[in-house]
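Both of the next two complexes hold subunit A, though its partner changes from subunit B to subunit C.
Presenting the complex of A and B:
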């Protein structure tokens, strides 16, 4: 454990060097994030000028849903998605050799090889601050217990999402480069779990997007629990079981994938 | 003491065959099995420096990848330092190093120092040891001044030296090198070869090297394993290999005035230049032929050469 923590510290330092290696990237990212968020809030405001609720969500509840979606987005896309793209490319071009030949837990390193805390903070903070300020918190009723459970479900949901996206990468060990699969998985997940609230789906899709394609846990279910629309402990149990199942799947399939790894020609 | 033991090692790959028919290739892929390594056996003792030779596609790199645990063997046994490499136990990986000439291990946007800091954590190298080791290695390779230059700004030779340093910072017991001098200039190659010999002798590092450069083999390795079409065709010391082929010599005569080729009927001419002929002769005939030519012609100089290693290896490939 201590070794992994030390390794994480070194990775964070290394990622910081990488992210700040190109100066203009920093400002470009901040500006694009701010522009996107302002446009997003404007869009929601325009919709709510004509309606009172959407899938049972008022304006500020919808913004809360957006806030949790943004947290999901920045963690998945900002950190792990990039690492998974690198995984796919490195399997295809044989660069994975240089990871597998080192005494590091390969699965752990694949997930965390770039841990760009600085970059994520730089990009996420403006977005989250803007959303936070846009929400009229006096319009939302939140109980402390539901908030606490909701945050745990958010964390579990993000974990499920990361694990799911990782599983989607693994076919590369058998069929070759598959960057488009991970793009497709992300698009489906984004639309399934982070555009509409959980209540917007019928029962069939609720089950699919909770248990099989766990897109709804991070934002949809967590928001519903925080707002008291879903029972907290039951949803926590469901989220935990799904996360454990995906964790087991990842470990088993990773070992199988490595057995199938053929590297690349020299 | 054996550190590498390989028995009947084989590796088969499945390769996709494109039929040329777009619809067929989209919906039903066909595969063919390729025997990359077939029933190879050998063992290597601690401190040995062994070259893997063979034509392209012979199975050299595949063998090395099985020895380092990168790919899973199809059949056979392999043991490196008492471990099954594919288990990738941390203790095993701490004791080996891998350099691949055509793959960049160091981060392109970072300086070598920054990458080495990460390696220090990965290999749990104590700070003092790290500092002294880095100093020793950079002095040997004359690369101290590049430690804080981004890798992408280094020349190929400088980058390769840094890759080597990265691979042996943790003092591995076995070093696997896959074409470490590929694409390098003569000076860089010479430096790297000297470096490898130095660390091998100083730290008793076992080395396994693949290369197409015969000078790499001659200057770094003591033993040669030749692999062709996935099977081992030769395994012995470099010295015995050259002795076996030393029954023939190449004699190059430099003439004041180059005689006509017809005057050397009965001789096997291997090369001709504006002022010289090179003859391939039996070792036992060397004195007689030298006396005959020097007495008849104005000879400016004579070079006596052994059969080039390239020719020896080429001959083995043909068998």
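Presenting the complex of A and C:
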């Protein structure tokens, strides 16, 4: 455990240096998230000028949904997705040898090889603050219990999403490339779970995007639970079971993938 | 200029892309998945609308704007990205010493790398045109004119991103900022007709809607009105001005480019 913590410390330090290497780009990134969030709010406002509800959601409920989507986005895209892309590239060009031949926990290192805490905080904070300020909280009724369970579901949903994205990069061990596959999976996940509420889907797709392609848990289900539109404990149980299943799948398939790994380089 | 050389660059980069068949399948699937989700989203919007929204028309609008943006590379700025990556990885020095025109080389490389996307975009453009056919010869003529203007503005937009990377090396943040603003204001995310009238009229005086919204709406025009004429003139002025300024900026920044290594 101590060894893993030391490894994490070194990774965070290295990621910080990498992320702050280009001074102007730091400000560019902040500007980018501010621009994204403002245009996103503008988009939602324009939509709501033309509609009454979106899948039963009012404007402020939709903004709450966007807020949770943003948390999912920054954690998945800012940390893990990048690491999975590096995994694909390192299998493709044989550099994975360098990790496997070292006395480090390979699965742990694959997940956390870049841990850009500074970059994520820098980019996420303006975005979340703007959204927080844009929501008229008096229009939303939230109970403490639902909020608590909703936050747990959000955490489980993000974990599920990370595990799912890891699973879809594993084909690289068999076919040599999977960048487009992970890109496809992310496109489906982003659109299915983070563009419009869970209630927008019919029952069949609700099951698909919860159990098989867990796109809806992180933002869709958690927002619904927070707003009291879905039963909190049932959804918590479902989210927990799905997370455990994906955790087992990752461990089993990672071992299988490593057994299949052949390299002719380094 | 030896055009066959650039065609070879296109072909080479396309063949590199074709190495992994499953990846190609995933890419094609992604392209259509994106369209399907767009359709689902606007269907949900239409269900809750205050007035009746023609989903077929809206769907064809998004097919057309998406495909035009992809073909002209103003959504993902693929040309700008190719130049940016070349600067960041210092591959640009290898191109500079070759007897090729730099912009031509990068354009050909980008077309080669994104050929599949361009082919898919052409397919969705055709589907969009079938769903929302031009009204008459005037609308076809206007569509072509606006597309020419959009080409120059999009090209300059990409080149500006590339030129900026000569000065700042890493410009992802700035590029993303431009992308987010352009996406909404060009009508790619939501048609400008959904905007309040005053904002829409102000936006139409800027070069951004010409990149997607204006060419698509031109398909609905049956005659050349004074409004359309103003839009055409605005487009010509912007495309000439922006292309001129960006080319100047490109030359200036390229002179200042300083590479180490390789």
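Just so it is clear, the second predicted complex is superposed on the first by the 264 of 266 C-alpha atoms of A that agree within 3 Å, B and C clash if a C-alpha of one lies under 4 Å from a C-alpha of the other, contacts with A are read in each partner's own complex, and residues count from 1 in each chain.
Note that in this section a residue touches a chain if its C-beta (ideal position, glycine included) is under 8 Å from a C-beta of that chain, and two chains touch if they have at least 3 such contacts.
Nothing here was measured: the structure is a model prediction, and the numbers come from that model.
Visitor: Check whether subunit B or subunit C contacts more residues of subunit A in the superposed model.
Guide: Per-residue touch count on subunit A favours C.
Visitor: Is A:89 touching the first partner subunit B, the second partner subunit C, both, or neither of them?
Guide: neither
Visitor: Thinking of the overlay built on chain A, is A:200 touched by subunit B (first), by subunit C (second), by both, or by neither?
Guide: It touches subunit C, and subunit B stays clear.
Visitor: Looking at the overlay, what does A:100 touch: subunit B (first), subunit C (second), both, or neither?
Guide: The first partner, subunit B, only.
Visitor: Using the touch definition from the top, say if A:261 reaches subunit B (first), subunit C (second), both or neither.
Guide: So A:261 only meets subunit B here.
Visitor: For A:54, using the defined touch cut-off, is the partner it touches subunit B, subunit C, both, or neither? Pick first, second, both or neither.
Guide: The second partner, subunit C, only.
Visitor: Can you give me the overlap between the subunit B contact set and the subunit C contact set on subunit A?
Guide: 21-22
Visitor: Quick one: in the complex, what on subunit C touches subunit A?
Guide: So the residues of subunit C touching subunit A come out as 19-20, 22-24, 26-27, 29-30, 33-34, 37, 40-41, 44-45, 48-51, 53, 168-177, 180-181, 183-184, 189-190, 194-196.
Visitor: Which subunit A residues qualify as touching subunit C in the complex?
Guide: Subunit A reaches subunit C through residues 21-22, 24-32, 35-36, 39, 42-43, 46-47, 49-55, 171, 175-181, 183-184, 187-188, 191-192, 195-196, 200.
Visitor: Of all residues in subunit A, which touch subunit B in the complex?
Guide: 3, 6-7, 9-11, 13-14, 17-18, 21-22, 94-95, 97-98, 100-104, 106, 258-263, 265-266
Visitor: Residues of subunit B touching subunit A in their complex?
Guide: Per the stated touch rule, the residues are 13, 61, 65, 68-72, 86, 88, 90-94, 96, 98, 100-103, 105, 107, 109-110, 114-115, 117-118, 120-124, 150, 178-179.
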